[in-house]
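Shared between the two complexes below is chain A, which pairs with chain B and chain C, respectively.
Up next, the complex of A and B:
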């Protein structure tokens, strides 16, 4: 299943500056695994060693917030990777 | 509600025409007290629009001085403002724009010791700080003191905003429970499109005006993300977290708390604050810096550009492990670029048992402005 992934500004260094990429997977876990294969190191910026979403990161499937990586992702969904920003 | 004068009726005529605002709404704006934390990229447009809109009392918190690199986005200031304290310039500018209002300049760094006191004079808070620690401190204080908070942040071409209203929706910690300094890059490191904080700061002012007047739907429980490159706005539902550390059912944070290494109550009280002229006089008196130990807590690359004679470089990040290098008989005087890191250094020294440390208030930027205009202060 293919989805669109919207990439937060601080994570775009992994996607060569791309704001949007496509990925495959039926859950957030699988989508992030696909991203990690193509953009090594990106997953660790968002997910800790215990597979928990880091506290300054939020993941949304379409507009629905995900509490963990088991959240389902359907064909045509948009996954949003959102990062706390500090600039003022 | 305070009545509007003839001059105010003329000034705000375009608001008075709006049925959603009218005379009653304009009087609410006149009676309102709004605090803007950070007179930077976000705080500049927010404060300008709030002043123009007739918010009766506008407070500004910032302890920095204007630098040339600010002028690309911080529209409160102009070239002549460089080296002057931001809140002083901002106050002058806002009163020129609208002499009908009151502008309060808070030239300080918010910390646990002063945040409740500062917030107590205001009804609504706008967060435009560029430090994560301050962002969490302001959020926690707003939850504890039950003040609405309009928060926004920016990075390169992206901005985000959300509004907190007590009992009505999630707070910033519900959105991002915690974020260590350093994991999120700053604008100084990553850059920012100058007009982006203009968009987000204007949005913050809009939210504040709506809350004051009581119209429209605020961004409560809605995170707004703006991508200026694609000119795209996305909105996400954010729920309150029952386990939120500050607004949850059993909060762990019940009083504003300084994160490790930030300024503390002890530092504010015990640190001796030296003006550039005072430090210059002390250096002359001693004939050398023998009795004073000048400790420059900037990063090595900043120190390499220029430093005061006799100063040693102990970066703030290394200071906790290198406090033993401070001579017991000397008075340590901490130095940095703007006076923020040096005040933090005083807090670390005091907690380590070093008595009466001092710091250069306003930092080396103030030194260059007041004592030695040839001193080259390295950019961050």
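Up next, the complex of A and C:
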């Protein structure tokens, strides 16, 4: 399963500045594992050691928000890695 | 590019890392940075075993915590391959611990090159044996069956594990401070731990003589006499001389109108009887600002029997400084330099042990830490 991953600006230091990359995987868990293989360190900034999505991170598959990493990803989907900015 | 020469003050702020470098006489200072603009930098610490090496505890408002490492005095940084993280719980109840921020960094013993310790929020202790590249949880503390009781609640900023101290005579002998929880000691390299709070007050607890649940703000060991510990606590300034295990409230000798509340305490690099504090208003709702809007450092030169005010050069009024626990340090010059940073973004320096003060940087972001790198 190949998908497009839209990368929020705070994470682009891991993708060499790329705002969009491709990844493979049938679930968000697998997509993030693929990203981690290619961009080491990126996953832990979004997902804690208990596999929970961090407080100010939101993951979407297409337009559907994901509550956890089991969300399915299909060929051609777009995964959005969003950083929830607020305050000063 | 940040300065990469010896004798640098590293400034960790809510919005990035800065560095201040002095001329040989420490009269003029040059500010460099920021590096990691926008990142929350809690601590930047030099490795005394390899002075070209620095570690930095960082996160951003949205991204999780990590550690960066430099081996060229801060010119370039590389992220840890495995940042500090608690043990994964496969079938947890959703409450398993996760590091929210790395708060504190301490180099390991001189005989253990590459060993570092890190403290986190929630309160956790972590160890690296490869110079900060890969971190492992210290199970003896993090999984201690008493940990849920020791650390029953945190500060308004969450639980904090800080003041990690390695006895220079014995790498197995460790101390940590936990807010809120108390001071804890290990004599077996972190495998087992015991509270070390006897004599220390905890006037916010139902039981004033509790074994744990105290709020050490900063604990320091005298480099010249490792049996001498000082503690700036939520409930005053204390001293302990090992092997005795009782804290003595030396802050009682502070002027009553000033009190003995504050966050940082630093000790002279060569004289165990000399230490400095930055008193803050701990009355009513705890403003945590300089008492009466008149900032002053207080020094003891007799192990806490007496204290002298040091405010020459500091604002005389209407200056509501807050100095965080990691934001005060000393250097190692013959005439000791003393430095502190404020949450309002100023750095103040004294090159005569606090006798007079000069502002060497202003308009920085909120300052969390000020450390000296030789």
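Heads up, the rule we're going with is that the second predicted complex is superposed on the first by the 85 of 88 C-alpha atoms of A that agree within 3 Å, B and C clash if a C-alpha of one lies under 4 Å from a C-alpha of the other, contacts with A are read in each partner's own complex, and residues count from 1 in each chain.
Here is the rule we go by: a residue touches a chain if its C-beta (ideal position, glycine included) is under 8 Å from a C-beta of that chain, and two chains touch if they have at least 3 such contacts.
Bear in mind that the values here come from a model prediction, so they are computed numbers and not experimental data.
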Check your understanding: Looking at the overlay, does A:65 come into contact with chain B only (first), chain C only (second), both, or neither?
Key -> first
Check your understanding: First (chain B), second (chain C), both or neither: which does A:50 touch?
Key -> second
Check your understanding: Should A:85 be classified as contacting the first partner (chain B), the second (chain C), both, or neither?
Key -> both
Practice item. Go through the superposed model and pick first if A:41 touches only chain B, second if only chain C, both, or neither. Key: second
Exercise for review: Applying the touch criterion given at the start, work out whether A:10 contacts chain B, chain C, both or neither, answering first, second, both or neither.
Suggested key: both
Check your understanding: Touch check for A:75: first (chain B), second (chain C), both, or neither?
Key -> neither
Practice item. Determine where on chain A the residues touched by chain B overlap those touched by chain C, and list them. Key: 10, 54, 56-57, 83-87
Study note, to complete from the structure: The residues of chain B that touch chain A in their complex are 38, 40-43, 127-132, 135, 152-160, 175-180, 183-187, 190, 192, 197, 223, 225, 227, 229-230, 234-239
Point to revise | Of all residues in chain C, those that touch chain A in their complex | key: 60-64, 66, 79-81, 83, 85-89, 92, 94, 96-99
Exercise for review: Mind listing the chain A positions that touch chain C in their complex?
Suggested key: 10-11, 40-41, 44-52, 54, 56-57, 83-87
Revision key, fill the gap. The answer for chain A against chain B in the complex is residues 6, 8-10, 19, 54-58, 60, 63-65, 80, 82-88
